[in-house]
Every structure is written in C-alpha cells, then in structure tokens.
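In what comes next, chain A is part of two complexes: it sits with chain B in the first one and with chain C in the second one.
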Partner chain A sequence: MSEVHEDFDHNASEFRADPLPYYKQLREAGTGQSKNYNGLWYVPTYAEVTAMAHNTDGFSPAQGTMFPPMNDRPMLPMESDPPLHTEYRHMLMREFAPKAVAEWAPTIRETARSLLEDMFKEPPFDLGLDYAKLLPTAVICKMLGITFDPVFQQWVEDSVYRRISHPKEAREATDSVYSMFRELLPDRRANPGNDLVSLVLTSEIEGEVMDEERVLDFCFFLLVAGLDNTNFTIRALLHQMAIDQDLQKRLIENPDDIPAAVEESLRFFSPVIALGRHATQDVEFAGCPMRKGDAAVMLFGCANRDPQEFENPDEFDIDRFPNRHVAFGVGPHRCLGSNLARVEIAIAIEEVLKIFPGFKLAEGAETRYDDLGPLIVVAAE
Partner chain B sequence: MKLKVDKKLCQGHNRCVVLAGDLFDADDDGYAFIVRQPETEEEIQLARRIVRACPERAVILSED
Partner chain C sequence: MPRIRFIESSGAEHSVEAEAGSNLMVIATSALIPGIVADCGGNCSCATCHVYIDDAFLDSLSEKSSMEGDMLECAFDPQPNSRLACQVTVGEDVDNMVIRIPERQF
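Showing the complex of A and B:
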C-alpha cells in the first residue's frame, strides 16, 4: 500500500481545491488502496483507467459508481451490466446519436439566445449563474417533455454535491425529482409523445415494458446526468476565455476552432472527476490484489493530466493532437450524452461570443470550488 | 491500403466524423462507418491522424 493512496479521499476539500499535486503523486505510485470508504482502490493513470473501463467482465458498475453513493437506487443505464445494459443503451442510443443531436441544435441555439436576452434585461448578470447553469437544464427539459423550472437545477446540485455535507437535504432533493416524475407518469402513459420519458415508458426491455420504479430510475438519471457537468464545462471554458483574451480573440475570429476548445476544456477541467466499479472476482489489477466485491474508482481527471498520454498535460492547448481524453469515459459505458454535451457547450460559447465579444471577469471576481465541486463559482464581491 | 472501423471497438465517440467528415459518418445509433476510402496523399495523412485520434483505437488503416 503506498502512502499517498492510504489517506486519499477524492471528496476531500483540500484535494478538490487543488488536485494537481495529488494527481502527480497518485500517478507516480499507480493504482493503490485507500483507508477510506472501506478500502476504496484509486486508479490514477491513463493506461489503468482505460484498462479498467474496458474490462466490463472484471469490473461492474451495477453495484454503484459513486462513493459515497448518491442514493440507494441505480443510475440507469450506467449502473447495469450486459446483457441488460446493452438493451438499455440500445433504447437510448439513437436519441443521443450525432444525427438526433444535430436536430436539436436549432432549439439549443434559440434557448441560449433567449437566456442571454433575459440576462441582459437585468444587470448586473453572471454568465455562470444566469446562463451556463440554466442552458443544459432548459434543453434536457425539452427533451424529456417537461416544463423547465430552475428548481430542478437546485435539486440536482443538492442531490449530487450536498450528499456528504447535508445528507438529509440531498436525500430530499433526490426524492423531489422522483416525485416530480412520478406525478407526470400517468398522463404521459395515457398520452405518450415524442420525448424521452415516453420512450422509456413504452420501450420493451427483455420483451416487456419496464415497471414504474425502473422507469423513474431512468427519468432521474436522464435529468441529472448532463446538468452540472455541462454547466461546469461551459463555465470553465468561459472563464478560460475571460482570463486568456488571446484565446477568446482566436475563437471570435475562427469559430471553427471552438470544437477543439471544447475538447481541450473537457480534458483540462474534467467535469466528472471520478466514477467507480466493483470487482466481479478476485483479480490482480495493475499489480494490485483486488478481492471480489472491492470497489475501485477511476480518476478521469487525473488520467486526463497523465504526461504518458498528453504532452505538457497542465497546459491548456486547443491545438493538442491527439486529444484522446477520458472526460466521458471510454468503453461500453462511454457517456451516452457526450454528443449532446459537446454541441451544447459549443453553441453556448458561440452565442456568448456573438453577443458579448471581448468579455472579461468582473472587477474583484474570485474563483472558487463549491462543496464537492466541480462547480466553479466566479463571484464578484 | 484500407481504412476500417472495428465495429466491436467503436463506442460512438464520433471523433472521426467531426475531424474527417469526408471519410467517416455515424449511423443512426451513433456508430462510425467509412464513407469512402482515402484517395489523395492529403486524405491518407488525414486517415493516419484519425487512427491516432480515436479514443477506442477502433480506426484501422492497414498499409497493405
């Protein structure tokens, strides 16, 4: 057991506030076991993270991927194994494939513009709180066929980020999301539409439609999965462009470079720092003896700064090539919403640059990480 | 020379389609397929770049 792993806790505020020194030490030591979370293994290097993500026989997400867990119900389709996982994925793949996402692009752009217009009506404004935070929520609500309400964003944040500091409030927030969907299901069942809730309600898995509780697990995760991560990445890239005016100028003059900037932001800021698996059998992984049932966490953020894979990994470089980051994971559990997230982030940036070229940080603005992060807050005193 | 996508490895990251839309496209489920083989020297260079860019190492350019 290496010393660096022994006391490591991926939720610790010292780590969240300044992860790079931890990342370096963890990578140099390779996979190792912590005393925290009943002996959680931490998987830090790019090679080890990709090996674990691809080894779906040896490592399962079905017993939970978050430590501590978000709630006692599975986040679907992520927390399931084949053959069920394959059927779940198949049900949703088409809705999140590039073609389907391209059809949503005009709606995403309209939504972005309308949020920006509303924002300008009430100065002073904050591009993070009044724009980046609301866009992914507004878009996924349209895809789910539910009426947009900013309280959803609050529920999601409470559910994810306050589950350690305020477990009771987090639990209530999770319950609120479930209740909201539970109330709308009867009507949706009677009048199915062209939305994701209807798709999950009417699709057959293992030859029959799913029971209500499983439908709700899908609804919950479809709402939760893309909100804070997409919001975070939009905010992080906006912040990067505010502090690096050369980058901003380049993206104004060459909007075709925006997708590359989005990729580099995903690598550099890695919205999902970590997700876990459980060993399905006794196994030696990266030289470590893991026992059946042991939990291991893949540190995506750490892998994305691995110098073995990325030259000058701590430099933000939109010309980086190749950029095979693992911000969305790899293997069969690759983030289902990755195409949607990429388009949302790119459009969010394009629209800001059209309406607000040359934007800067407000006087006295400070950057900090909230609670469990990865929420960057840029606040002016 | 033959450009291929290994269907067993492709997970639908869509990097190839974004970086080389003349050579790759995505099916309705989001998995990549080859639209046409690279012809010019420039396209062959591009194909070599895509081999390196795929996060699943699913794009193969056989040199024979």
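Showing the complex of A and C:
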C-alpha cells in the first residue's frame, strides 16, 4: 500500500484547494486503499476508472456512491443495478436524449436572457451567483413542472456540500426537498402533465407504477443531480475566459468553437470529483485484492488529467482531439443529464458573450473553495 | 481483413481495416473517426454513436434490439438504415461497407 493512498481523503480541504499534486501521486501509485471511510479504495487512472465503470457485474452503485453518503435513500436511477437500472434509464432517456434536449434549447436561452436582464437591474452583480447558479435550477424546475425558487439551490448545496461540516442542516435541507415534492404529488397524480414528475409518477417499472417513496427518490435526484455541477462548470469556464482573453476573443469570433470549449471545461474542471461503487464479490482489481462489500471511489477529475490518455493534460486546450473525458462518468451509469448540461453550459456562455464581450474579473475578485463545493467565485466588471 | 469506409457529413472519408467479429463503435473510436462520439463507451445508453449503414449490408449485421430501436428514436434524424455503432458486430462479408456519419450526435 502506498503512503499517498493511506492518508488520502477526497473530501479534505487541503486536497480540494490544490488537487493536482495529489492526483499525480495517486496516478503514479495506481489504485490503492485508504484508511479513511472504513478502508475506501481510490481508483485514480483513466484506464482503471473506465474499467471499473464498465464492470457493472463486479462493482455496484446500488449500496451508495458518495462517501460519506448524502442521506440514507438511493439516488435514482444512478444507485441501482440492472435489470432495474435499465428500466429506470429507459423511462427517462427520451427526456434527456440529444434530440429531446435540443427541443429545450429555446427555453434555456430565454431563461438565460431573463436571468441576465434581472441581474442588470440590481448592480453590482456577480455572474456566478446571480446567473450561473440560477440557470440550471430554473431549467430543471421547468422540466419538473415546478415553480422556480432560489431556495432550491440553497437546499441542494446544503444537502451535498454541508453534509460533513453541518450534517444537521444538510439533513434538514434534504428533508425540505422531499417535503416539497411530497406535498406536490397528490395534485400531480390527479392532473398529470408533460413533465418529469408526471412521467415518473405514471411510468410502469417491473409492470406497475412505483410507490410514492421511490417516486420521491427520483424527484429528489432529478432536481439535485445537475444543479451545482452545471453551475460550477459555467462559472469555471467564465473564469477561464476572463483570465484568458485570447480564448474569449476566439469564442466571440467563432461561436461554433463553444461546444469544444465546454467539453474541455468538463475535462479540465471535472465538477464531479468522485463517485463510488461496492465490490459485489472478492476480486482482484488493478492488482489490488478487494473483498466483497469493499467500497471504491473512481476519481474522475484525476483520470481526466491522466497523461496516459491526454497529451499535456494540465493545459486547457479546446482543440484537443479526441477528448474522451470521464467528467460524466462512462458506461451504463454515465450521467443521464449530460446532454442537458452541455447545452445549458454552451447557451449560458453564448448569452454572456453577446452582452459582455471582453468581460474581465472584477477588481479584487477572489477564487475560493467553499466546504466540499468547488465553488469558484467569479465577479463581472 | 474487411475494409470499412466511414464518410463524414462533410464528405471526408476514412477507410479502416476491421477484424471480423469486432464491434463497429470500437473500430470507429480506435481509428479516431470524427463524429462518432460514443459517450457511454458502448452500452446502448447515450445514442451518440449513431450511424447510417449502406443498405446493401444492413441485413448482414447483427440484429437491432428493441432497446437500440428506442434509443435511435432519441437520436437526431434517424432513418430506416440507422444503427448505433456500439450494437453492431462486424462480420467477414462487409468489405467496402460504407458507414455514413450524421451531421451531429448531440
């Protein structure tokens, strides 16, 4: 066992503040076991992460993917195994597939513009807090058929990011999300519409509609899954464009390059740092003896900087080809909302560039990390 | 070994040698064919390895499952000759098969 793994904790603030030196050491050592979280295995290289993600027989997400867990309920559809998982994905895939997401693009653009207009009304403003943070929330609320409320964003951040530092508040935030949906379900059941909550309520899984608790698990995860990750990537790319004016100029002159910039941001900033699995049997993985029930975490951000897969991995290069990053994971459990995230990030950037070409960091703007959230603060001039 | 011709929507052509019995998505991604994104890495769960198959070869390929059919409906501009490359196994009788790549995957 290498020393680097033994003491490693993917939630430690020293690591979050400056992950690259850790990543290098972890990759060089390969998969190894930590003494934290009851002997959590860390899977750092691109090859190992993709191998584990594809091996759904050997490694299951159904017993939890986050360490420590967000709460005691499954995040669906992610935390389930085939054949149930296949049915869950099948239920939702039409709504998140490339074509369906493209149909949402005009709504996303309209939402982005209206948020920017509101932001202008109350200067000074912050593109991160007053725009990037609100866009994914406003969009998913429309898809769920619920009224947008900025408090949802707060609940999500508290649920995810304060679960270690403020477990009580985090738990309350999670409960608030569940209560909000629980109150909404009777009416939605009586008057189903063309929205994700209605879809989950009325779809048959294993031949029957799902019970209320499972429906709520879906509602919770559909709301929270894409909010802060998408927000973070929008902010991170805005930040990159603010500090790299050549990049910004290129994207203003060639908006067709924005999707490539989005992909590179996803690789470079990897908003989801880590997700885990449990071994379904005793197995040797990457030369490591794992026991049935052992937990292992795939370090997506680390894999995305693996020089074995990416030339000059620490360079932000939108011309990178191929760019087969694992920011959304890979394999059957790969992020269902990835197409939505891509479109949201691209539109968010396009709309800012129309209004603010040549934007820079505000005087005194700082970059900081807030609890577990990689929340970069970007202020606009 | 059979040769497969991948043609991008721009008309750019890539000819690739393929081993019989191998997976069409793996052939395409290994040869770095642009336009076949294959996000999920071959699990029939993302619809980003959508291709159009030469009609003459359609029947010689592994059959389309109902899941693949459903996923194809979620892709851009599906046609009767659409397949997801990750669900296609290449046989020996596919020499000179033309695979057309759609304009966009997502």
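We take it that the second predicted complex is superposed on the first by the 377 of 381 C-alpha atoms of A that agree within 3 Å, B and C clash if a C-alpha of one lies under 4 Å from a C-alpha of the other, contacts with A are read in each partner's own complex, and residues count from 1 in each chain.
One rule holds for everything that comes next: a contact is a pair of C-beta atoms (placed from the backbone, for glycine too) under 8 Å apart; a residue touches a chain by one contact, two chains touch by 3 or more.
Values in this document were obtained by computation on a predicted structure and should not be read as measured data.
Trainee: Chain B versus chain C on the shared chain A, clash or fit?
Mentor: Pair status: clash.
Trainee: Quick one: classify A:Ser338 as touching chain B (first), chain C (second), both or neither.
Mentor: Touch partners of A:Ser338: chain B and chain C.
Trainee: Looking at the overlay, what does A:Lys168 touch: chain B (first), chain C (second), both, or neither?
Mentor: neither
Trainee: Touching A:Phe321 in the superposition: chain B (first), chain C (second), both, neither?
Mentor: A:Phe321 contacts both chain B and chain C.
Trainee: So which positions on chain A get touched by both chain B and chain C?
Mentor: Correct list for chain A: 90, 93-94, 97-99, 321-322, 324, 328, 330-332, 334, 338-339.
Trainee: Can you tell me which positions in chain A touch chain B when the two form their complex?
Mentor: Contact set of chain A toward chain B: 90, 93-94, 96-99, 259, 321-326, 328, 330-332, 334, 338-339.
Trainee: In the complex formed with chain C, which residues of chain A make contact?
Mentor: 50, 53-54, 86, 89-90, 93-94, 97-102, 321-322, 324, 328, 330-332, 334, 338-339, 342
Trainee: Going by the contact rule set out above, which residues of chain C touch chain A in the complex?
Mentor: 29, 32, 34, 39-41, 43, 45-48, 67, 70-71, 73-76, 104-106
Trainee: Chain A touches which residues of chain B in the complex?
Mentor: Within the complex, chain B touches chain A at residues 11-14, 17-18, 26-30, 49, 52-56.
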